[in-house]
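Next up is a structure, given as structure tokens.
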Amino acid sequence: MDKKNLPKVSRDGLFRQNIVLMSGLVTAPIIVAATTFERALILTLSFLLISYTSILICRFIPRRIVYTVRILAYVGVAAVMYIPTALLMNAWFPETASHVSMYIEILVVNSLLLAKTESRFYLMPYGEMAIDAFVYVVGYALAAFVVGIIREFLAFGQLFGFRVCDAPMPAAKTTFFGFFLVGILAAVCRAITNHRRRRSENAGIIRKGAE
Amino acid sequence: MITPITQRDPRKLYLERFVFMAALLIPAVFRGGFRSLMVCAVCVICCMFTDWVCCRIRRVKYDIKDPAVWFWGLSCAMLMPAGIPHVIAGAASVICIVLGKHIFGGNENLVFSPPAIAVAFLVICWPGEMLYYPKAGEVYPMFSEYTGTLARSVEYSMKLGTVPTQSVLDILLGNVPGAIGTVNILVILVVGICMLIKHSTSFTAMISCLATVSAIAAVYPRIDVDPLMSVFYELSTGSLLFGIIFLAAEPYLLPKRRAARAIYGVVLGYTVMMFRYFGKVEMCFVFALLITNALSCCFDTIVENVLWWKRNYISSFEGNKNRAQQGGIKLTDTQEIELPKKYRYNTPPIDGKVKGHKRRKPIASPITDEEETSADKEDGNG
Amino acid sequence: MEVLARIVSVAMVSVFVQNAIFDRAFGSNVVIYASRKNSTVIGFTLGITAMTTIASIISFFVDSALLNTQFGWLFMPLIYAAIIGALYVLALFFFWKVFPKIFRRMRKYVHLAIFNCTVIGALFLNSNYGSDLPSYIGYGFGTGIGFFLACFLLNVAREKLDSDKIPRVFRGYPIMLVYIGVVSLAFYALAGYTADF
């Protein structure tokens, strides 16, 4: 297969521009609602179904239309996509979905759809945009699962729903702990990104020196 | 006007405050054994170790003799019950230093009081360990768990709306369930007076906070007692007195101006009482202190803006002129000034007298119309 | 007078006990963005407060019809988005016609001030907790004031939070989150733990 025809896969959305830990967008569901692995899974699936599909659909809205009107279309499409998402979540997770329903509802105005599309996605070819947006959703999933697993262990003494020990810190399910945890994870993500960038810069310098 | 506490070296201030706070250990050990001393030692050592680790990670110079770290460790311990597990005491120290100090950039850039963050976190995460105290007079084992009966504090009974059953003398002498360093009211008062004499704490902030709490307690008592008793109970329970004397006037967090410190004290007192009236947890002082610390950045700014406005728009002309000559304020162009000598280039002295002045001769004579037209003809523009 | 007292009491609950930022984390990225300058604090606060209050009033009448149906809850985001969208267009048109200078200045961030989780979250919270029109108005107004409180607290501490003394990996967004977390910890003493969503 000719490599020139394949769209470029950018991994920015995973770490370097992770939507939660680096860009600070769509943080409310993770800070408040992602207290267990199951809830993180519900939030991730909802985010995928609402945001990703809306991005793919809204790409066909002509850019001739002024942004003031286009944003209304984006929100409308996302609100329409909410309907099957909510039905699916209630069918797959009947006990837990109601606990995070509000944080699924507010995903219709999330910043990935309203801001990132204009600044990044809609400037790319369609295939590349689809993969790039999917990588961003995977980055969101990564942040949600890490936060959910840590808080499930601390607040409930469980891992993936199985009880492991007594709850070490029941207050880990509170909002303020979510802020602390996401802030510290954001710092860790930044440290990893800076370290990798310095390593690649040093490797580039060594390569140039060798040449 | 700047008062002595803000002119003093913060390291010496923290050392003095540490020594004064350590004096509270004497009645605590006398009452409950050496467990209190053990908890304090665990907290202080854990704080110092955590500080060393954080300095290594941040690659900054570690100062083993930093008295602020000792002070914060001892403060955390004093706000905990004597029967607290050592693991939780260590966790408090780690939170205090990591979250309170190093994440915000060290001593010079503190935003919140580190022991307040640690104790608030612990009260919410482990309320069973933090808010239940061994009874007064019981001796606790130094290393093992306490197996006796635990009791709630006097603040808890006030939160329920009931009048405390302990006598005034018991409360003053510390014969009530409570944290290590916050129940000995008489000793705290004596230590507070000594600190005021030594300028180790802020008189303005302390008095304004106490006055605000007293006024609210007198006018709106929480329990069915006369106003004086309501004031006594509010001041002597819930680590309020300890917090006002030791935690509220931290050198790195206190506003610089006296008026700003008065506002700080009033806001702190008001916030504490609002938390006590409407809040859901005990140990309200540390939570109120966190919010007041968040606001304290703006008190100095407010006072400076008010003073600038007062000087520029309210004070008399003569007062402005005198202050301008002393180099005090910014000036508008309607006010007369006397410039310092280095700025007087060729200006005549300003003495208020009206004088005539001679017009200087122009440097170059103006071009007449005849000269202009002849110049144009030479250029070929005519 | 009773109506006013009810509005004020519900607004106080919304500001201190169920603060949109400190208790629900709605719009935390908008708060961080808006707290950079005094002008953006005031601009965003006015915009969000007006939107939440007016949208809450409209949503009261919509909820009365919608919540009684079996599948009405599925269409709530769509209808709330339509309400916010209509108010957004009306507001833009109003400012464009009446205050063109203000319109030119606010054009670049007005969508951020209106289409965010704080505004739509206030409507959802109203549908969960509101019972009558005064409580809807109080909650909507209180959400905007709570947003202002969060913005103000971040704005006054900006000098310290932007300092070079903060470790490099925490500068910017992480330290803002930690700061909001500490203030949220303090407000927790007022609110307690709100488990249901």
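The chains carry the letters A, B and C, assigned in the order they are written, with residues numbered from 1 in each.
Just so it is clear, a contact is a pair of C-beta atoms (placed from the backbone, for glycine too) under 8 Å apart; a residue touches a chain by one contact, two chains touch by 3 or more.
None of the values given here were measured: they were computed from a predicted structure.
Chain pair with the larger contact count among B-C and A-C is A-C, by C-beta pairs in contact. Taking the mean of C-alpha positions as each chain's centre, the chain lying farthest from the centre of chain A is B. Chain A and chain B, compared by their mean Cα positions, are separated by 40 Å. With each centre defined as the average position of its C-alpha atoms, the distance from chain B to chain C rounds to 30 Å. A straight line joining the Cα centres of chain A and chain C is 22 Å long. Shown for chain C are the residues in touch with two or more other chains, namely 167, 170, 175, 178, 182, 185, 188. Residue positions of chain A touching 2 or more other chains: 174, 180. For chain B, residues that reach two or more other chains under the stated contact definition are 99, 121, 124. Residue ranges on chain A touching chain B, taken from their complex, read 169-172, 174, 180. Listed in rising order, the residues of chain A touching chain C in the complex are 22, 24-25, 27-28, 31-33, 67-68, 71-72, 75-76, 78-80, 82-83, 86-87, 98-103, 105-106, 108-111, 114-115, 173-180, 182-184, 186-188, 190-191, 194. Interface residues of chain C, counted against chain A in their complex, comprise 22-29, 32, 73-78, 80-82, 84-85, 88-89, 92, 111-112, 115-117, 119-121, 124-125, 128, 167-170, 173-178, 180-182, 184-185, 188, 193, 196-197. Per the touch definition, chain B reaches chain A in the complex via residues 99, 121, 124-126. Within the complex, the chain B residues that touch chain C are 58, 99, 102-106, 108-109, 111-112, 117, 120-121, 124, 275, 278-281, 284, 287-288, 290-291, 294-295, 297-298, 301.
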